[in-house]
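Working notes, structure below.
Think of it as A, B, C, D, E and F in the order they're written, each chain with its own count starting at 1.
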Amino acid sequence: MSTLRARWARDETVHACWLTLPDPLAAEILACQGWPALVVDLQHGALDDAIALNVLQALHGTGCAPLVRLPWPEPAAAMRALDRGAEVVIAPMVAGVEQAARFVAACLYPPQGERSWGPVRAGLESAPTYAAEANQRVVPIVQVETVGALADLDAMLALPGLGGVFVGPNDLGWALGFGPGSDREEPELVAIIEDIARRARAAGRLAGIHCGTATHARRMAAVGYRLITIGSDASLLAQGGRSLLASL
Amino acid sequence: MSTLRARWARDETVHACWLTLPDPLAAEILACQGWPALVVDLQHGALDDAIALNVLQALHGTGCAPLVRLPWPEPAAAMRALDRGAEVVIAPMVAGVEQAARFVAACLYPPQGERSWGPVRAGLESAPTYAAEANQRVVPIVQVETVGALADLDAMLALPGLGGVFVGPNDLGWALGFGPGSDREEPELVAIIEDIARRARAAGRLAGIHCGTATHARRMAAVGYRLITIGSDASLLAQGGRSLLASL
Amino acid sequence: MSTLRARWARDETVHACWLTLPDPLAAEILACQGWPALVVDLQHGALDDAIALNVLQALHGTGCAPLVRLPWPEPAAAMRALDRGAEVVIAPMVAGVEQAARFVAACLYPPQGERSWGPVRAGLESAPTYAAEANQRVVPIVQVETVGALADLDAMLALPGLGGVFVGPNDLGWALGFGPGSDREEPELVAIIEDIARRARAAGRLAGIHCGTATHARRMAAVGYRLITIGSDASLLAQGGRSLLASL
Amino acid sequence: MSTLRARWARDETVHACWLTLPDPLAAEILACQGWPALVVDLQHGALDDAIALNVLQALHGTGCAPLVRLPWPEPAAAMRALDRGAEVVIAPMVAGVEQAARFVAACLYPPQGERSWGPVRAGLESAPTYAAEANQRVVPIVQVETVGALADLDAMLALPGLGGVFVGPNDLGWALGFGPGSDREEPELVAIIEDIARRARAAGRLAGIHCGTATHARRMAAVGYRLITIGSDASLLAQGGRSLLASL
Amino acid sequence: MSTLRARWARDETVHACWLTLPDPLAAEILACQGWPALVVDLQHGALDDAIALNVLQALHGTGCAPLVRLPWPEPAAAMRALDRGAEVVIAPMVAGVEQAARFVAACLYPPQGERSWGPVRAGLESAPTYAAEANQRVVPIVQVETVGALADLDAMLALPGLGGVFVGPNDLGWALGFGPGSDREEPELVAIIEDIARRARAAGRLAGIHCGTATHARRMAAVGYRLITIGSDASLLAQGGRSLLASL
Amino acid sequence: MSTLRARWARDETVHACWLTLPDPLAAEILACQGWPALVVDLQHGALDDAIALNVLQALHGTGCAPLVRLPWPEPAAAMRALDRGAEVVIAPMVAGVEQAARFVAACLYPPQGERSWGPVRAGLESAPTYAAEANQRVVPIVQVETVGALADLDAMLALPGLGGVFVGPNDLGWALGFGPGSDREEPELVAIIEDIARRARAAGRLAGIHCGTATHARRMAAVGYRLITIGSDASLLAQGGRSLLASL
């Protein structure tokens, strides 16, 4: 994970693929293809906490950093993911700054926050020093995909301890009345999305976004997004299976 | 599932049995006995999301429609069930119209609601058109089993997108001071239960209820209830095991 | 388990139901109905060793004795079941006395047999004395359901350490050319089945058989069978579900 | 469990070890060492509801009482644990009396509370009488480990139906500005912790606390704490593994 | 499955992809891409019997036929797969005609074979008639990938009840001294592989083979192979993940 | 694993602890205490292949080498463990040289052996070169714990490709008529055990043994044993839990 933070410190763009299958082997297979990061999707994915733990174990040692998207922006979910060893956690569907603040507080030990002590797996390798280091290692990221989160963007970016913001273009566009879709082309929406990256960077925070194609990923990187998710185990399997069958 | 909606459109009564065992094979066995619907009980049952997914997979293709009762009336739980392919979802212990509205919103994509996009299994068979069809296919049902829900009944029935209401006679009776019990005989409570069906039907909504016996199920059907749950895998197993042993 | 051995010592008939569902809760539910014994079916059931362990844990403390039918008459399968705490183990499809002898040897520590040491769960409650007691506690039972096993019956009954024989009427009848069926009425086959019980009892061994109905169970008890299996979790669920649905 | 309540009625101190490994066998092994109680830790532990059910089944019949710490002080989590057979449930990170009251209400059937009916496993052994007895058998315990809970202590202790309070010294100390640590020596904090026990006992409630060493456990027992947790499966394994390796 | 048998009866070529991930959702995703058949690989895949059951349930109702490759050519493994609902079963690493005969016997009920009765899932949908139909529905296939199997090919093809043979080009080539590789180009080996198809067809048996590319699959279809496996969930995921990453 | 082979090449003694709990987290916890190797015990342990895979994934990247003891000396079990990434595999209860030869053959690809191709996880990190390297990386070890294996020792040690022999002192002592026990003191048995190490070393093979205490481990290391197993997760948990409780 330190590699990831170092890359972001050097303003490098990190690409990550989503994990939605309840299977640590699928995760390990993707990690072995060279992905620098994979995101365990506890929101839309078919994994639960038990399998997420196994996925975190499987990714450890592969050189691929595991990010975790929580099922919901709830303190308990954040603490559980962190206790099990996640360090970069993404909270989806954040309604506004109040919920964002609660989420960030849940990610940090006192006095910065109110995370409860008990790092059952997180502290395994660095037990004696974990309490002192944890707040530096954890990167809480809130998704900007609701009207409320967009309205509260500056207030959220000002939250001490926040690691960054992550745009869910599908939900955000839909919430703003533009209909679903990943790689937004609507000028008004494009402007909003570019503005989010600018404001995040101005505030010294990481900006992230999901993209549907490599072309769009490059465009978003050019705009300042430094965490770019693309594809998923499920979509790779579906597309690969469909085109292999078609080739027959 | 379309069969189920069609039957309700024709004002037919649908019977369903509860699934509480954490075992897709038990679900498949019941489905193969001809039940038109089974309800995955994530509230009181011993299943969790991981096994519920396997149960939904096992029921698919059997001709038996899977309903899902959520563990609690929370948006995250509703979205997760829908992403995994549930279409008729029942929210238990709804406190009143505000919670009901949040639940219904969680079941529907914008602009009708605020469901988050990511139908990892739900969109498998109809990927390109799922976004357009989902709001028509989903049937959100709220349970009427608290004092607050009963008080807010008309407001809940007026919620756009609500599929129906479902009476939990045990909890409702207990909450109203009548003690526990499934097939209520207390005149005051019977009047309330009959009134719920009338008001739901008047509002163009489905009315559902749990019954303890076939006799009571017929009575409730006569009153207008069109989704009637009865029995469970666990109770069938217990009763069957007890009477087989007694016969020896 | 000692209760079970005591009952057999008093020549009492023990009834047991089959467990085929991969679910410890289903097992516990049946145990709570008063069954003196349940048989974990690793041959035809949908359980594997991992769930069988959980079933053994669930039944412990309920007053219901867990029997285990192995997937196949192999030493490794027998030792694994015993290490996990099974004491009465049934080997299906035994081909003849040679295979029976290997199975019995696998159930007993030296010098009586060649079971390998490592009672990971079996020795939990009686660690210091388990090595000394195990051979007295274990009851290896071979099924008589092939032509070879029937031919070798007397040789098998003479094996030191054998606990008993168990008739699979379906497979035995089919193997002998009579077609499938549980409660055999073919005079020739009835004679064979009655003879097995007589010879087993004469050799001081337990005789067991599967029955399809309570009536037939009584008939088999009268003939001398002292372990009588009947029904299964799956069939109870199917029958119960079917008749509940029919009552609607 | 009745043993546990009886011991507390006699003002005896009960020691319990934490279960954090997702494995019923680890739980059973600890139970067989003579522990009177073990706490399934759904907050920091790596277990989820599915495995917790198996752990409850494994502990049943061992003479060791299973306590359950919920993942969060939410009604749904409390009801689920109770339905699966837990009787002593501990709610962590309670923010204050309002949340404590909702938790206690979730643990009790009407009219004392608003627990929803459906004891899928809890009612297995005493089905007919469970409704009448449940409120007497359940022991809801709230953790005192936040500033709010400490401030609301008397109000919480006055909640009808509350079983007791449980001090999390690490989180409480940290929240009060003392930094992390189990066996607190800071005079101010020691005074607070001793005061909690006094006030709990004065209110006729059980007082519990987590301790890091046997010495401190004795000190806390002397102060009036009657539920004392110490160690965990994970820490026993780590310490044992480390010292065995060191001995080589 | 009847569709599959019908297609083979019309001498059509059926393509199938391998399932090696322990995840029913991955299987369902592939099935939804239109594959007519998928092979559950219990030999090299990371699935076990418990997950294979869930995969069979997930594929049921998708229009995609599930084949099962056993872990080893053992009667117990064959019976278990059949009891759980597999109909086309492939035995790997068959050493010769004797082992092939035992495998075929394990797949068929008497008098044709010696399969043990207990179709816990297989008989669910056709309980009353399953015993009479099973032998017609089951298609036992032996792999030709050892020196012994190749030597015994004609004897194996003459086994009554055998459904077909399936060439494992990698193992067969390696066993014959040609080194590993999927799409064989060595003239001597090509001749052998073409000859196997000819002899199988002459004997009225299905011929199958694994191929590495669509081009080779067409060549093998031209030679007479009618079951052609290609790709796997794991390789699709790896290739898709690698090329998506490369595109960034 | 290369570290392990390098250490053995330098004639260093490697200590390993047994894993018998079905839980990857327990394995990871032990690995984090600094153990150079842990042995997944598929014979007496409560793990199955599915969990063993997760354990292998969890240990990868910890610096602790995973060894796997098979459930039985069967080719299928050996190949499955190797395909999933095990490299040092131990076959228990080997009856003699014939079974040992079959086991070694199952561990090696042609022309040295007859392992079947399909390294679903083993080949993940070195896909293109795995076929060429595998036979050098795999270390097949046979247990010497039966009368037959002891008699065939020299023949087994002469098997090309064999990595070493491992003494099971409990089973071996019992088989030879000495009763159970780990750290043997019987002069005749001690002589045999010392002789095994000598003959193994003379043949250029690794000698391994299980020990009950650190003292005995040192003695066995002095005699020439270079793989010494001691303790298990289950025994560490039991002993630790017992002494913690006693300290209270």
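Just so we're on the same page, a residue touches a chain if its C-beta (ideal position, glycine included) is under 8 Å from a C-beta of that chain, and two chains touch if they have at least 3 such contacts.
What you see is a predicted model, and the numbers here were worked out from it, not measured in a lab.
In summary, the chains found to touch both chain C and chain E are B, F. Chain A maps onto chain D through a rotation of 120°, based on Cα atoms and reported in steps of 5.
Relative to the C-alpha centre of chain D, the farthest chain centre belongs to E.
Matched by residue number, over half of the contacts between the chains of C-E recur in the interface of B-D, chosen from D-F, B-D or B-C.
At the interface between chain D and chain F, two copies of one sequence, more than half of the residue numbers in use are shared by both copies.
Per-chain Cα centroids separate chain A from chain C by 53 Å. Chain A and chain F have CA centres that are 41 Å apart.
Per-chain CA centroids place chain C at a distance of 34 Å from chain F. Multi-chain contact residues, meaning those touching two or more other chains, occur in chain A at positions 22, 25, 29, 32, 46, 48, 50, 53, 74, 120-121, 234. In terms of which chains touch, the assembly is arranged in some other way, matching none of the line, ring, star or all-to-all patterns. Every pair of chains meeting the touch criterion is listed here: A-B, A-D, A-E, A-F, B-C, B-D, B-E, C-D, C-E, C-F, D-F, E-F. Per the touch definition, chain B reaches chain E in the complex via residues 24-25, 28-29, 32, 53-54, 57-58, 60-62, 120-121, 124-125. Here chain E touches chain F in the complex through residues 20, 22, 41, 43-46, 48, 50-51, 71-72, 74, 92-93, 145-146, 168, 170-171, 174-175, 177, 180, 234, going by the rule given at the top. Listing the residues of chain C that touch chain B in their complex gives 15, 17, 21-23, 25-26, 29-30, 32-35, 46, 214, 217-218, 228, 230-231, 233-234, 236-242, 244-245, 247-248. Per the touch definition, chain C reaches chain F in the complex via residues 48-50, 53, 74-76, 79-80, 83-84, 109-111, 114, 116-121, 131.
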